[in-house]
Amino acid sequence: MTRPLRVAMIGYGFMGAAHSVGWRQAPRVFSLPEAVEMAVLVGRNAQAVADAAAQWGWQESATDWREVIARDDIDIVDIVTPGDSHAEIAIAALEAGKHVLCEKPLANTVAEAEAMADAAERASARGVRAMVGFTYRRVPAVTLMRDMIAEGAVGTVQQVRAAYRQDWLVDPAMPLAWRLQKEHAGSGALGDIGAHIIDMTQFVTGQTVERVSGTLETIVTERPLQAAGSGLSGEAGAGTGTVTVDDLAIFTGRLAGGSLASFEASRFATGRKNALTLEVSGDRGALAFDLEDLNSLRFYDRTAPEGRQGFTQILVTESVHPYVSAWWPAGHMLGYEHGFSHQVVDLVTAIAAGKEPHPTFAEGLSVQRVLDAVERSSENDAAWTPVAANVLTPSR
Amino acid sequence: MTRPLRVAMIGYGFMGAAHSVGWRQAPRVFSLPEAVEMAVLVGRNAQAVADAAAQWGWQESATDWREVIARDDIDIVDIVTPGDSHAEIAIAALEAGKHVLCEKPLANTVAEAEAMADAAERASARGVRAMVGFTYRRVPAVTLMRDMIAEGAVGTVQQVRAAYRQDWLVDPAMPLAWRLQKEHAGSGALGDIGAHIIDMTQFVTGQTVERVSGTLETIVTERPLQAAGSGLSGEAGAGTGTVTVDDLAIFTGRLAGGSLASFEASRFATGRKNALTLEVSGDRGALAFDLEDLNSLRFYDRTAPEGRQGFTQILVTESVHPYVSAWWPAGHMLGYEHGFSHQVVDLVTAIAAGKEPHPTFAEGLSVQRVLDAVERSSENDAAWTPVAANVLTPSR
Amino acid sequence: MTRPLRVAMIGYGFMGAAHSVGWRQAPRVFSLPEAVEMAVLVGRNAQAVADAAAQWGWQESATDWREVIARDDIDIVDIVTPGDSHAEIAIAALEAGKHVLCEKPLANTVAEAEAMADAAERASARGVRAMVGFTYRRVPAVTLMRDMIAEGAVGTVQQVRAAYRQDWLVDPAMPLAWRLQKEHAGSGALGDIGAHIIDMTQFVTGQTVERVSGTLETIVTERPLQAAGSGLSGEAGAGTGTVTVDDLAIFTGRLAGGSLASFEASRFATGRKNALTLEVSGDRGALAFDLEDLNSLRFYDRTAPEGRQGFTQILVTESVHPYVSAWWPAGHMLGYEHGFSHQVVDLVTAIAAGKEPHPTFAEGLSVQRVLDAVERSSENDAAWTPVAANVLTPSR
Amino acid sequence: MTRPLRVAMIGYGFMGAAHSVGWRQAPRVFSLPEAVEMAVLVGRNAQAVADAAAQWGWQESATDWREVIARDDIDIVDIVTPGDSHAEIAIAALEAGKHVLCEKPLANTVAEAEAMADAAERASARGVRAMVGFTYRRVPAVTLMRDMIAEGAVGTVQQVRAAYRQDWLVDPAMPLAWRLQKEHAGSGALGDIGAHIIDMTQFVTGQTVERVSGTLETIVTERPLQAAGSGLSGEAGAGTGTVTVDDLAIFTGRLAGGSLASFEASRFATGRKNALTLEVSGDRGALAFDLEDLNSLRFYDRTAPEGRQGFTQILVTESVHPYVSAWWPAGHMLGYEHGFSHQVVDLVTAIAAGKEPHPTFAEGLSVQRVLDAVERSSENDAAWTPVAANVLTPSR
């Protein structure tokens, strides 16, 4: 038997908790081709990261990620830090020969993402794998959606409708967290949740977004400064500051296959908590997904007999559905964090098989380029703007 | 007791059937302040219009609308012809002193709509009323939505999301009806169903659309020619022709209050039959409507106690709800055509009271101007385009 | 052309309004084989019935139903009085050679219903038709449910689940209306709304209920007396009285095919306004209907491919669906009262064709016998009780 | 710091997997007052149990549960074997001073359950805790339902409607598993899934079921014998055998507070996979839960303003909701197995606090007595049958 794959995770915020569930559960629920060990948790605050490591079950903690990626006993580096540090850590880890799982979005800028994709390509030649953490691809209903589109269930894609709507900024008293400042977060609703619907659209349709026309908006522009030392949910302190990222992004994309896709990323959709919806319409049928009803996939089959057609709510909890057989019997619901286990399954399986896991860094870069094009379109009066490198077809 | 109001209806297609239900039912279900009579049905084909009049219960039929509007015994002219004849008939009827109900959209061009609005303004000074047939305003749930927003239920509007999705053009074998030819129909999905969501947005928010950025698309550009003499659902004949109107319109609007609104009008939303959805989000709550579930209005109240918030499905079938007390007990559903009865109620009530019914021709013109701006934006690379005369505020 | 069928309607309460819509709309929306005329409306209070006749469009009014059914110019008698007068009027009308439409439930007692069914059978031999007004059979989705079960869509029926839930008695201040007194109403929730789900179950499955075990309950037993002269929604007056009918009925039935069916009729289902739900499960599939979503029928097809099964929401608004082609395009919703038009269509069509319309009085009697058996079971400690005459098979 | 609580789990089927998730996740996601260790997994087949222990993360495995419960280093015994061994193991473990978590139903017979409850009571006096594994109590929406009823959200309970519907026996080719044989399983749908809805009803209302009237049914009575060595999903072998347990149970209960509750447990509800639904109606409101939509709780508030009432879909994913703050942000869904973590949290918390965890064995016994009364009622022509010891009030 081979030595287990030993994982170091850099970062320990909300995503750290979610990734930890994945590393903890996947080997116990699925039959992995390689054993994995939660070896080291890395963060800057020694006490805090030690506490988190103890809580989540990492064997040890450390404060210097460079030292950790230099260790011989580490095989996989999982990056869940804020976006501005992704490039540096990921590239260093890949160059050190570590497989890398990097949380989305791949980076804060296209330039960083390009460097990362280059590094991943070079690493791949040496058998080192890189993967971006768009975990929603691994919600079973989303994977099934991709599979059914690939099998022709909707025929030729003619229209796509995607939205990711939350409401946590509706309250104007919500303080000015780092996520609302461009210098730290890079982008707002667009980069954080818009990235998901771009990736998911490209994933399920198998088509890239080639051109975009869009508008970014900051609905509440001044917010209370955060009190010192408070986290994301921290109390407001004295004074106010300016929100420098978007909190609403509305854009239209042209897919490589020629169809239009509408996108909305909003943090002002009052009452919508995590409403990622995606509908793909084609000449043979349609498929619709809603993350607030994540065990279902709705399928309209235009080839069904006349008068018997309608949206079929497929409960994606049967053993024939993607990832499900390792879990529970039909009708037993899966939740948000199951995708993180599936991500570990796919990454470890790819490593063991010597194959490239998806989404690749190149796919993460592709999303980054779309985000960038949306920003440029918004700055240019919503003009249709080509997505660098994604463009395959002449403009209409 | 006064003489009944006698109605002449010009046109007898699908909308003629729906308007006939309104004229037939309203006086029998509601207590109208004036009696009404279904006097004359007007159409060009003498036999066909006589048959329709007999079927629908009009006292007589006629073939020359000019003669009919010249008659002293006609008080109201109801226009349900295709859009290219609206202006001529409506202006003539108003000048002849007849109250006019004109089916939406008001006209095929802004110029026509302007002339109609002018005529309506002049007529109003003489006590002659004009109304546009945006009947969806009178679905009880939509009226309630307007009322609740006016009462402050959502607070300040921060985002609007509107869509009207159908799928009757998905079949590429669907022949080239007149509705798919610009010279006859003026516009495609945008003008036909997009007009509804523009009007409904302006109605429920009380805010006009001031600027737009949008894209029009024709997904299937060549279709079989219709066989001679076949109607909307006619068999395909020999040869093909070019579709010259849009079948998908995606646009973003800036409302007078400053918020963004997204719009989609599609005839390629596979499986969606008549899916008009509208969601208005504000800082105190949100309201959501779906025409495929037309007896419901969903309300999210951000002022409700923490942990008890959620979308409340108000079944708009109680006697305290708009228009409902004249119908059935709570829980007894209303359908599509009830709005046409409500339209008659409101028109006759306004005439009797000497007041202006809504939507006025000026409101119809406002919608027309938005449609026009969307077309111009689409032709100009989706650039943000001001809506003539609707613009109240400086551009952001 | 033949003389129109002239209708006299006896009674003018809520059901009178609903039946009037049917008589008014059906000839204008459908192509009836015979013309119909709304001739006479009959009630005991001369002024009130004259007012109702004028409002609803009946040509004249009268106060003596015996005189009216003796008239030569009346062809159809439509009975919408309280149940205790159904037998007398219906039998007299049938003997006078009038076709009869009698609102459900057929009668207040089995004996009355038997006499009515006998009279109907005799009348049928003379070409005189009788029909019970279980209009929910004619909601298109319910008719489609029957058709699909007949076609084998669910295979062998193995279980049925039916409920009719309202909440208008939850308020203990709701006064003691005649509907809550056994001497006038005969029965409570069981007879009024339970009758619907029994008929609908027998209709869609084609199987009678043979045996029942059930419990009747009166949740609020004392209520304020109604103030004199107030109607159903009248204010409470002085004093209280005893509710002598059930307001909740829960029973289980054994169908002729051998399967069990559960039934619930409740007026204490808080928040449920008119929630008639019916689900039929078989070895090949299942069908589910909900009156609060009356344009939909949900179909689960066990023969669909594995992993693609689910409940399909068929929007029963397409021209191929029962009754729909006379109305609107796909996706345009029908409401509660459309069933009353369909009832007129089917009655007039049967009269013209010289055929028996359904539901026959014998079918109405069958429902009455089930109601009676439930009452007897409830009085007998919920013991399984045969339904007289419906029993075809030996007890298990 | 104290020594961790060390757990031995007896049994390793489907429930073993689910309980293992609870033991694995709870200490990593919640802050438990005591550490826990997954010490020993016990089963009869040495190789199989060793494999399961390795897969699920138990430190060691064993084949003799008696030896294990005699060990000093074991603090908690978790029993997930079939029901016929619960009593022996649980009583022995309690007498050995081990805290016990016993999967539901508590036992196969009332006599066993009584002995277990007695043993638990004796153990409690020595500080040893016992808990039954009705984990659905710990779905956050169910816990919230209990809390809201306790706070008066529905007022006085007037009606309850409970159902648990699955469809895995619809296929007549499904072989005769041990669960379908009375000698092994004790009961069928009634004992397996009916037990859940009885417990949940008693839990959320705080009222016991005092009397029942019910009918048990076996829809498919002959099934293929299972091939030797095949598990639950095993292939059919040669010959057929008789199903000796119910596959459908329909019963009505009288709660201690006086209201009626309807119950259905079915394995023939075609298309329903795990459809546990519970609705509690009262004079101030109603609450409704559906396990296939387990993150939602629907609340109807009769005290809300007229015309604004409706069922509010509370998404039970906010930090103020039970158990949720340890998991993810609002709108991030939980799944089936989260209840098993919550069960561990509550058990360990109770042990640390020296308090009794719920549901107690006495509560499990109460459910067992209801099941028993339903069986006796069914054998006695559905006669109303008192539930031994649960009866507090005189019969109506």
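Letters A, B, C and D name the chains as they come in the text, with residue numbers starting at 1 for each one.
Quick note on the criterion: a contact is a pair of C-beta atoms (placed from the backbone, for glycine too) under 8 Å apart; a residue touches a chain by one contact, two chains touch by 3 or more.
Going by UniProt, the chains are A, B, C, D = Gfo/Idh/MocA family oxidoreductase.
Quantities reported herein were computed from a predicted structural model and do not represent experimental measurements.
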Requested in this report: Over half of interface residue numbers shared between chain B and chain D means same, under half means different, so which is it?
Outcome: same
Query raised in the report: So which has more C-beta pairs touching, A-D or A-C?
Result: A-D
Requested in this report: Could you please state the distance in Å, as a whole number, between where the Cα atoms of chain A are centred and where those of chain D are centred?
Outcome: 36
Report task. Give, as an integer number of Å, the spacing between the C-alpha centres of chain C and chain A. Result -> 54
Query raised in the report: What are the residue numbers in chain A that touch two or more other chains?
Result: 272, 309-311, 315
Query - Footprint of chain B on chain C - complex, ascending - result: 14, 17-18, 20-21, 24-25, 28-29, 31, 55-57, 166, 168, 272-275, 291-294, 315, 317, 327-338
Report task. Flag every residue of chain D that touches chain C in the complex, lowest number first. Result -> 154, 158-159, 161, 163, 167, 170-172, 213, 215, 217, 219, 248, 250, 252, 259-260, 262, 264, 266, 268-272, 279, 281-283, 285-286, 300, 302, 309-311, 381-384
Report task. Please name which positions on chain C make contact with chain A in the complex. Result -> 144, 296, 299, 304, 306-315, 318, 320-321
